[in-house]
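There are two complexes below, and they share chain A, which is joined by chain B in the first and by chain C in the second.
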Partner chain A sequence: MAEHQPAPDEERREFREERESLWRITLAPATWAVHFVICYAAAAVVCAKAPDSIGTLRLGIGALTLLALGLIGWLGWRAWVQWDVRTTGDYRNPLGEAEDRHQFLGHAAVLLSVISALGVLYVALPALFIRSCG
Partner chain B sequence: MERRAAHARTPVGRSMEPTERDRDRVLPGARAGSVLLGLSMLAACEGRQSVLAPAGADARVLGDLFMVMLVGAVVLWLSVNGLFFYVTRINPAALSKRFANGLIVGGGLLLPSVVLAGLLGYGLSIMPDQRAPGDGLTLRVRGEQWWWRVEYWPEGADAPIVSANEIRLPVGQRADILLDSARVIHSFWIPALGGKMDMFPGRETRLSLHPEKPGRYRGQCAEFCGTSHALMAFEAVAMPPEAFDAWLRQQEAPAAAPATAQGQRGARIFAREGCGACHTVRGTKARGLVGPDLTHVGSRLSLGAGTLGTTLADYETWIAHTGTVKPEVEMPAYDHLDPADRADLAHYLKALE
Partner chain C sequence: MSDRRDMAPEGPYPPTDAMLAEKVPQNVQKRQAEELRAAWAPPKGWRYPTAVNNSEVGLWYALTAFGFMLLAGVLALAMRLQLAVPGNDVLSADRFNQFFTMHGSAMMFLFAVPMFEAIAILILPAFLGGRDMPFPRLSAFGFWCFVIGGTFVMGSLLFNVAPTAGWFMYPPLATQDEGPGSDIWLLGLSFIEIASIAAAVELIVGALKCRPPGMRVNIMPLYAWYVLVVGGMILFAFPPLIAGDFLFELERSFDWPFFDPTRGGDPMLWQHLFWIFGHPEVYIVFLPSIAIAAMVVPTVAQRPIVGYSWIVLSAVGTGFLSFGLWVHHMFTTGLPNISLGFFSAASEAVVIPTGIQLLAFAATLIAGRVRMSLPMLWIAGALAIFTAGGLTGVMIGIAPFDWQVHDTYFIVAHLHYVLFGGMVLPVIGGVYYFYPFIRKKMLSDRLGRWAFWLIFTGVNVTFLPMHLTGLLGMPRRVFTYSDGMGWGWLNLISTVGAFVIAAGFAVFVWDLLRPKGSQPRIARNPWDAGTLEWSHDVPEEYWGARSIPHITSRYPLWDDKGLVERMDAGRYYLPDSPHGHRETLVTSVIDATPELAQRVTGPTWITLWAAAFTGGAFIFPTFHMYPPAIICAAFAIVCIVYWLWTATARPPAHEMRDAGLGLRLPTYASGPKAVGWWAVWITMLGDATAFASVVFGFFFYWTAKADFPPEGAQHAAAGWVALATLALVLSWALTLGAREWNRAGRVAAARAALVAAPVLAAGGAGALILSVLDLTPSAHVYPALMWALMVWVSAHALVGIIMQLYCLAGSFAGKLTPRYDADLWNVTLFWHFLCLTALVAGAVIGLAPRVL
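Let's look at the complex of A and B:
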């Protein structure tokens, strides 16, 4: 950082970007959470009110799952680019510089995307195996 | 649970077998404790109330699941600790960064994800069969405090055959079991035959069981439901289909009139003491619904939901020391009856086969 003199507005822009990517790392887990709530609520309502529609419900959960996985995949890909581990070869980003912070947020978001994708898959598995309400 | 049952019996003169207490005296404290623990754990592997001695299709599948999990857990434990031993004792040099990263991604991310997905898929694939529809016979079981109200609905029946505190099922068929409860949550469990299912007041749950080996097993309430929860058990009998049909026909019939003079005296005492306000004996004036149906109580294999045996002495004990044998039950103790009356009553009940 020492030799590089940032323009004052560049610093502000960077800060704003960081703030956004701070939000972005929560998006994959949030997708997982929304998928979870919709699946459970829909299954509860359908099985209580219209157990015969379980086939439609299972298809719906399948579609929602693909959608959620797509979204998480896209978020994960963006985070991967931000992490930029391929070009920097830096796994851990240990320094407290802006660039390191930027890449670290990408790193964290990649890992969160992976766990969120797994969570979505596991939540959806019962709909694959269980064909009736009771 | 067995232990509490044994305690409840002692005050009324049943001798405890020379088991746990005596061994305690021989061995010094802590060692005796662990030996006992080991012994009782081994003893739990067989016997008529064990998930590890399956006698039904569902219990067999669950037993396999358990073995898979157990073996898997042992393999994982050995691998993790073996690896730990390797890097701390055998080869304590620093690992290459590449290898370490590989270990984290492979062992920390890929392996658990794949293993968990596999186990989840395996577990979920078992579930539908555990709830498969039955072959015709339906049982309705309601949890009471602390006993079981049981109805048998053979295929096409429009009235149930009422019984209590015992479950009998034909071998080689799947029976539907519909569960609910009167006041609090109970859980219906025959470990040798299948998984457990909770019983809720006002909500019906379903279970189906497919016994494979004829025999006498034991069921137990598996959800704490009050003072005598531990004494809320039952005998579960898996029978060859013809024997089951014969048994069910016998249960359907009204009570046989007492054949002996003592039995007739017992029947009169039963009426005089007002037992019929709580108990039904079909074919007599006793129509009560508070307690278990006693029409064929003499054919049951236990008394008080698995609390006592079925000797005449057990009947007398139950009648005279109800609340001592089984704390807080809704039946008063008839300790004011004189011994002769009590004996007559016991004769009458035991002959209700």
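Let's look at the complex of A and C:
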């Protein structure tokens, strides 16, 4: 929305609203969800149609897990840069300013990346330990 | 959307201190207040049921849900009486089955979820300093649907025909159940689920688009974050159940064997669809209740919440992870161990975000100057009980432990701890906290403490022994047991505890309903809270906020001492109603910059009629009375079309409106700036999820059954399927074309497209029907599923045709013009989804069986 007249305390250009999206903070958990669904679906199909190839399945889940962790790591890194806490020292971002909103979304995305990475690791563990469809 | 003809806001924003400091003359204040009072007054006398104000609808909703909760509680007491001693005969086995089924169903569908919606409708606009929800009539429609559906389902108890198969309706028990019980459950509750989705749409749009200017996403009240998350969860959790209900009812009514293993079906599909809904459901009722705690705790601690971002993390994270847990209800169904492992792992992972929010609350209390109050007592009790339930949850999240206690009273104990601690107690705490806001009176501190200690003690006395009862082997849902089992004394304790809970509820109900006329006028902000709802007017006014403030911090009432005074003076936005309209402010999603003065709908009978006919369309099929059902459905459509035509997206008399503080705002928007577009988008996301669930059914059968599709089975006619898909895609293209031509001023071309598009859509639906006509759906699950997909797409095509014709009529009537084209935008959005649905359905019906 560029229509309104810029006030003297207008937000800095790099924090413009149209660059932000609520969707972005859900990308890391969405990666977890995709990883989870693929693990579940692949295990269900393999165990129903070809129980002997569970070894391949476990390797595949391992590769998928590395991929998911890599993606989440990258998202987390970008969010970390956006949060910018080392420069600002601001952990709370409590003000109604564009800069605080920008860093808050980064902070939330960092935290969600951490929880998503943990979730991915948790879900991968059964494939590490369980060797048969049983 | 940056079309040139879209009117843009004009004037200064954000307001400067000097602008805010300027006084509003007394006579102006008086005139503005009178205008608002006239515009927002709810109807009086016999017209009172036509009210749509969120303060009225929310209150009715909450009281009705609470009434159903008390009824369901009475059922529980009757069951506890029956189980108090071995070999008891207070209830017959059949009545006991009806009671436990209705206890669970009513608590979940008629209390827990509606209560979230009721409370959110009641207080969310106040948190956002707003006037009302964006779609007041939709709330009212949802409420009346809920009343009709709930009364119908609960009423079945009086005729001794209530469902008996348990609240999760497992086939084959439920599919083969004699009598209308299962149908009552399926149709009555589907009806309510649709109302729930309507409320979710309303709440999401409310939290995204109706925040006060300046309330960026990083300073939203945490409650709004929870509402967003829970609304999103409803959109993805309820549709699988609706899809399951759809298949289930087709089996019950027409003998299409989706869950019948003798004809290729599989009861496990129901379990999957039910629990994909059922587990997130637990978090759908838990998160909004914990959201109340997130509002109470900072007030009690008299400081901002510690770890705002961490609580957002925990709400969003829990929302996601809760969808990876459903199979932990199915650990004993013989799935491969590795699959169980995934769900067990996710079940343990969800503990992390859940724990984080509890720790954030504890940190806030430790860091603040705690002023213990009655609401906090309830919250504290809730956290204690919830934590106990969470610990047993960690235990049964581990598959081998679950195998031991599955279907025993250990599970009953666990789930009641979780629900009392995670839902009932925080909600009652919330009632004590928000009562001064809702009714402008205080509840009794003394009675509240009595109620708390009775309920808290009762919960522990009832449910703590049940862990042991379960470990000793008592199964759920047995109507009696023999003396020799040794469970008698434990059950007697539980029964005594249940009546202690009931006594606590009696005290609470009395406190809630006793006359309070003689009470002195309450303080406006009795708890010294920092959030906007405590800028409410005492005595009550119906305008929501006298003027909609500009917000710059998370706790505006603490941080800006002059704010309430300026709101009262009408210094902020939309302080008047020059044309007598009800209006609310629409702002942008991320930073809440003002975009639009949205006119909202007022009192009407049409929502009641629409709900009554929709009710008929769902209730008559329960008794296999199809002609009246179809007539009701037709009338429901007529009512809804009338309601939309007369009250939504009408070309405004005035393009722009002075919104206050020098800002002029447009009064009409189409496309992504319009709240209606967002509502369609969100609704269709839910609809797409339901369709995906039916498609999931196809792949589920293919995975689980060796004979799907059966050897040499007759497939749908490929030519007709291709033709159907093509026709529907062309209809979509023409709809999109109509939107573009209309916008470019080529009205004749747009109208021609809107004539051709419904013809093509009808042809497409017809071709799809022809493609499966030779298949016998009752013979095997494969043809049944082909038919189900056909029914799904055809029904949507019918809706799509009505929408196209609605736009065509609008174009001729002058409601839809090149400038005012919101309807066409919304219809095109529906058709985007329908086009996708048609392509997927075409591939699944025509291609997949031949390829797999």
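The criterion applied here is as follows: the second predicted complex is superposed on the first by the 113 of 134 C-alpha atoms of A that agree within 3 Å, B and C clash if a C-alpha of one lies under 4 Å from a C-alpha of the other, contacts with A are read in each partner's own complex, and residues count from 1 in each chain.
Here is the rule we use: a residue touches a chain if its C-beta (ideal position, glycine included) is under 8 Å from a C-beta of that chain, and two chains touch if they have at least 3 such contacts.
The model shown is predicted, which means the values in this text are computed figures rather than measured ones.
By the touch criterion defined above, A:His107 lies against chain C but remains apart from chain B after alignment on the C-alpha atoms of chain A. With both structures placed on the common chain, the touch criterion links A:Tyr122 to chain B and to chain C. In the superposed pair of complexes, A:Ile54 makes contact with chain C only, with no contact to chain B. Between chain B and chain C, C touches the greater number of residues of chain A.
In the superposition on chain A, contact of A:Ile130 is made with both chain B and chain C. Looking at chain A, you'll find residues 91, 118, 122, 125-126, 129-130, 132, 134 touch chain B in one structure and chain C in the other. Of all residues in chain A, those touching chain C in their complex are 1, 3-5, 7, 9, 17, 20-22, 25-26, 29-30, 32-33, 36, 39-40, 43-45, 47-49, 54, 57, 91-98, 100-101, 104-105, 107-108, 111-112, 115-116, 118-119, 122-123, 125-127, 129-130, 132-134.
Considering their complex, residues 101, 109, 113, 116-117, 120-121, 124-125, 127-128, 131, 206 of chain B touch chain A. Across the interface of their complex, chain B is touched by residues 91, 114, 118, 121-122, 125-126, 128-132, 134 of chain A. For chain C in complex with chain A, the residues that touch the partner chain are 8-14, 16, 214-219, 304, 308-310, 312-313, 316-317, 320-321, 323-324, 335-346, 348-349, 352-353, 551-554, 588-591, 593, 595, 703-704.
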